[in-house]
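The two complexes that follow have chain A in common; it is paired with chain B in the first and with chain C in the second.
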Partner chain A sequence: MHRFVYERPEALADAVELFARHGAAARPLAGGTDLIIGLRDGSARPAVVVDLKRIAELPPTIEEQGSWLRISATVVMSDLLADARIRHEFPALAEAAAAVGSVQIRNRATVAGNICNASPAADTAPPLLVYGAVVVAVSDAGTRRIPLTDFFVRSGVTTLRSDEFVTAIELPRPSAPLGAVHLRRTRRRGHDLASVTLSCAIDRDGVTRLAYGSVGPRPILVVDESGRLADRGASDTVKEAILDRLFSAASPSPRSMRASPEYRLAMLRVLGRRAVRVALVRLDGGVQDG
Partner chain B sequence: MRAEALSQVGLGRVGHSPQRVGGRTRVTGEQRYVGDIHLADELQVKLVTIPAARARIVAIDAAAAQAVPGVRLVFTPADLPQPVPRFGPQFADRPVLAVGETKYHGEPVAAVAAETVEAAEEAVRLVQVHYEELPALVTIGAALDPAAPLVQDPSSRPGDPLAHTNVLREHRYGWGDLDAQAAELVVDHRYRFPMVTHFAIEPHAFLAAPDGSGIVVWSTIQHPYWLQRMLAKLLGLPLAKVRVIAPDPGGGFGGKQHTKYEPLLAFMALRVGRPVRLVLSLEESFQAARRAAAEVQVRTGVCRDGTLVFQEIAADYLIGAYADIADRVVGKGSYIACGPYRLPAVRIVARAILSHTVPSTAFRGFGTPQVIWAVESNIDEVARRLGLDPLELRLKNVARKGEVFIPGDTPADGDWAESLRKAAEAIGWGTPRAPGRGRGIALGIKLGPTTGLSYATVRLLADGSVIVSAGTSDMGQGARTVFAQIAADELGAPLDWVTVVMGDTAVVPYDQQTSASRSTVLMGSAVLRACRDVQAQLRAMAARLYEIDEAAVEVTRGIVRLPQRELPISVVLSEGLGPLGGELIGTGEARKEPVPGHPLGGTAAFYDFNCTAAEVEVDEDTGDVTILRYVSVSDVGTAINPLQVHAQDAGAAIMGLGHTLMEQYIFDEAGRIRNLGAIDYRIPTSMDLPRAFETLLVENGDGPGPYGAKGISEGALLPVAPAIAAAIRDGTGVAIRELPLTPERVWRALRERDAAETASDVQGVPLAEGFPMAARHGKPSRRRQHGQG
Partner chain C sequence: MGETIQIVVTVNGRRRALDVEPTATLLDLLRDDLGLTGSKACCLVGECGACTVRLNGRIVDSCLVLAAEVDGGEVMTIEGLAPDGRLTALQERFLDHGAVQCGYCTPGQLMAATDLLARIPHPTVAEVEEGLAGNLCRCGCYVQITEAVLAAAEGER
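Right after this comes the complex of A and B.
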């Protein structure tokens, strides 16, 4: 493994200072489920690794702040699954968190890290997009609140500046219940990287928010405000046409060995149809497996 | 102690499933694998490879690597004896390090030895290899192109008429006159089987240490005595000066049968005069061993009533850049390509085709899964085309016990129809099934060893405890337990009074190899004979002690029977050994002699036979295949340890589900492996198992091993793919002839079916529904449910 300096600041200000000093040469460490692999295979060669887990201001908690839930940068997937508010108000996020890796991975991997790694296949990205998440980043210039829709650029690249790091992800709590679900496609039933991810949230006004990943350089959020996708009376033909339009930004890589573009696009439509159906059942208070 | 009580000590172990010998340490992590062994003063070795498959090596600059603190040796081909030594179990074609040209992605061009792994890794990064990338052959089509580059230099194949091709060898088998057969239907298809790897949880690992005038090598090898021979030859040492220590491997599956990097380590150790150690990563294991891919053309000729009249097979196996044991795999695997069927005429042509890929080697099934996939799928097709029940077609044609089905070889050694009926019954063959679901059945057969030689010693110590020395490698299949059970039974010792010593050529007598499911039959027989030798000595001892005729003494299973009374062995032993104590030493030998003129060098010691049936559900939108029920039935002769037999069959089935549903190497245009490692080379997890999963045994005591046992554990892997594909066919109407049956491949086949139906607007071949089932209740069978049940 390549040599680097390991820093474990205990105050947020110290971490801010480290990133101000080292910029792109520094990498934050939370769960390490991506970073450690990169360090081992040589694809990540930071001069400084800044461990965020001992920072007093970043305990692994999910806190209520007015009408928002604030998920600290050190919260791991298992924490999300254990949180009743997440399970009840953000079920698609809980489903996505449950799909990440294995139990051991979920006990280490953080939600913030999942987002910052910016994999197009990141499981928590689509649900966070449909729920309107905001990324909170800090630097010595102060705190920025970045809507998740403005966060992803392409695989491994975000709009975070090199002197910034993420301290929390904030979620607006829905004022009325949503019908929501997270679906994914994998090559096997056991833990696997997704070849298509899709989250769907439908509100009482019939607005359908769909976010999908692994079918292009970054996860994408699309919204049907016409109400027709959520219209139980609308024909399949109408819904298919809407989904086609919503999925028009999908551009899977022909280089991937996980699935061909043709198959991914077809599965995106399958997941879209199924997600809308499940979300509608759930909106009505029904229990429906995703 | 009365005889009755005694018998409970001695008897009852064979045929029961005591706790596995060494099982606890294996699961608690206490077992010391090669990778856990450290020697004082050892150096850590890392391999230098280049990110290319085939490349001309222009120069290797080691200066920067040499300068890394802690680096003791940067070892290049120039440091080896010249010409660079080559080795291999069949052909001495593989250089210790790549010479002039790398021939596959991952072939080492140099190696570093350093005080720490970190220093070795850093140095490996700094070794500058100047190379020129060359086009690589990674498919059968490319390798057979007359304009293709030759993988092996023709000058290395003097006198070989195929030297100017990439065909290493061609194997031809057959009998009868194909042209004279009046077939009423001929079904002709091509089937593809992917390149897959063993994926043992324990990585390959090696240590080599100079030892006086010789050398000691620790290896994860399955065949320590073969490695000993190989090293002795390469190093010019007598066998007695090459000691191979082979701790129980953590999974082998054939991938650890043959020499890999031990010669490199030996040369490095002798060069630096210190022990050197190399533990491969999973990625490096992918580049050390794999199964041959294959394309198999099958023509099956049949009468309208379902009687098979001929089969013609052309099997092309894509082997690697060096032969390893792959040509033997091709020759032996294709030999039984026509399955267990009665056939008047057969023609088989198999080719071992060289390519710029990882050398393929032995892998559970040894070349047979590839042909069984093809032939069994074609048999299913024949049945459907004739409107016959695939089960009935097989029952009609499968060889009956004692019937010769390959002229000149061992006749059918089991009641194979019984396995077929048992599998059919367990899956509910012929009963109604829900829409969208399909059922498939297939069988598999493989030859056991064709030659063999195993020695064992059994020492009955003064207190009645026993030490068995047996050169088998227990890599998880449970050989230690089986040998301990045999010795415990024969000598009347409690199981935990038996120690089985393995894996050290300086201590344990010779065993040819651990392969072809041979160890229970061959080494088990050697152990049994060694026990009988001890019993003979006990008879002589009793005759002397009690002044009776030796012929009047009987020793069975822990008891010495005299004309008037019965004594436990321990009593006779302690009296007989007298005040000095000591022990009785028995030796046993088991041989499977070669047969001159036989195309494989010898006949089958036994057949590993299995019938598998499955019920699946296919998601028409996604191509997902869910295996709802799975039944695997093996003909095992006698299950010495039923739990281990069930576990081996379950493991074989799950391994087979890997190549059936998801596993395959993926290459880029330049021949580099794209899915190197666990992330993109997927194997089944517990969540991918069939919903209901059952293994059943047929036990007729008709094997050549101890107590009528046969070898097992490969058979259950053979029919997995054709059974699942037939079930998919049954449920959806699509026949897929290429593995793995990934969701995307199934989805494409479904789309093509829909497009064809739309285009022609006619129904395809009607699906056979509700075959009348010829149910017959056999003997009560051992049955075991696995997994989610």
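Right after this comes the complex of A and C.
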């Protein structure tokens, strides 16, 4: 394994100081399910690894802050699944968290780490995008709140500065119930990475938010404000034309080993139609599997 | 660089004070420092589950945890499942149902299945499959493993 110095600060200020001093040579360690693989295969070569789990200000909690839920950087997927507020108010996020890896992985992998790793296939990225998540990052210049739509650049690259690290992800709690769902396609059941991911959230005014991943360098959020996608009376032809337009930014890599671009684009359309249908049933209070 | 880290960790009920390298994983600590070789070093990327142990009440892939991270924690390995040599009911059902062929994945399967039954005492087949999705068996004993877990849940003799 690549050699590094292991630091475990107990105060947020000490962690901030470590990143101010080491910049890009420091890497935060939360769950480690991506980082430790990278340290072992040499794709991650930090001089310093900063374990965030001993920081007093970053307990693994999901706290209510006014009309927001604040998911600490140390919250793992299993914590999300155990949280009734997440399951009831953000079901697409719970569905995505349940799809990550295995029990063993979900007991370690954090939501913040899933986002910071910036895989185009990151399961929690689409639901966090449709729910309007904000990433909270800290450095010695202070705290920055970055809308998730401004966070992803391309695989493995985010808009975080090298002296910053993520302390929390914040979610605005919906004022009225949404109909939402998360769908994914994989080569096989179990803990394969996704070939296509898609989340959909429809509100009472008929605004449809769709976010899709694994079909380009970064997950993408698109919005249909016309209300036609959520219109139960609109024909499939009309809806498919809208979806085609919303999916126009999808550009799957021809070099991926998981699926061809043709397959991914076809499945994106299938998932889009299915997600709108399921989200509408759920908006009406119905129970419908994704 | 390479400075060792002092940790204290309770493994299978026994408190241990150890010096660990920053690069050592929990799996390295268990196998190389403590001689607990029931946890297997196999894929080392968190896919096969052969290194599954319980850490602070939750199962993890010990190949993806640094030894330094477990300071102050509590670990249970396959060796701690039957400390006095008397097999658990789940282990007995694995034997009854032929859920062990080569045996390499068995420690991880047992750790995951023990965790599953603690969380969901009467799982459905789908819940067993989901609970054990992180444990691969290349002999292909999945049917027998699932039967053994369901039998243990039913208290079948």
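Quick notes on this one:
Here is the rule we go by: the second predicted complex is superposed on the first by the 290 of 290 C-alpha atoms of A that agree within 3 Å, B and C clash if a C-alpha of one lies under 4 Å from a C-alpha of the other, contacts with A are read in each partner's own complex, and residues count from 1 in each chain.
Keep this in mind: a contact is a pair of C-beta atoms (placed from the backbone, for glycine too) under 8 Å apart; a residue touches a chain by one contact, two chains touch by 3 or more.
Source: prediction; values computed, not measured.
In the superposition on chain A, A:259 contacts chain B only, with no contact to chain C.
Once the two complexes are laid over each other on the shared chain, residue contacts for A:108 go to chain C alone; chain B is not touched.
Looking at the shared chain after the overlay, A:13 reaches neither chain B nor chain C. Legend: residue contacts after superposition of the two complexes on their common chain; A:270 is shown touching chain B, with no touch to chain C. Shared-chain residue A:32: touches chain C; no touch with chain B. Of the two partner chains placed by superposition, A:153 touches none, neither chain B nor chain C.
In the superposition on chain A, A:141 makes contact with neither chain B nor chain C.
Within the superposed three-chain arrangement, the count of touched residues of chain A is higher for C, of the candidates chain B and chain C. By the touch criterion stated above, A:49 is placed in contact with chain C alone, chain B being left untouched.
Put simply, chain A uses residues 1, 189-191 to touch chain B in one complex and chain C in the other. Contact residues of chain C toward chain A in the complex are 1-3, 5, 22-23, 25, 44-47, 49, 52, 58-61, 63-66, 68-69, 71, 112, 115-116, 130-131, 133-135. Considering their complex, residues 1, 42, 185, 187-193, 257-260, 263, 266-267, 270 of chain A touch chain B.
Interface residues of chain B facing chain A in the complex, by the touch rule stated above, are 118, 121, 125, 621-622, 661-662, 666, 674-675, 679-680, 682, 684-688, 742-744, 747-748. Against chain C, the residues of chain A that register as touching in their complex are 1-6, 8, 29, 32-33, 36-37, 39-40, 49, 51, 53, 78, 101-105, 107-108, 189-191.
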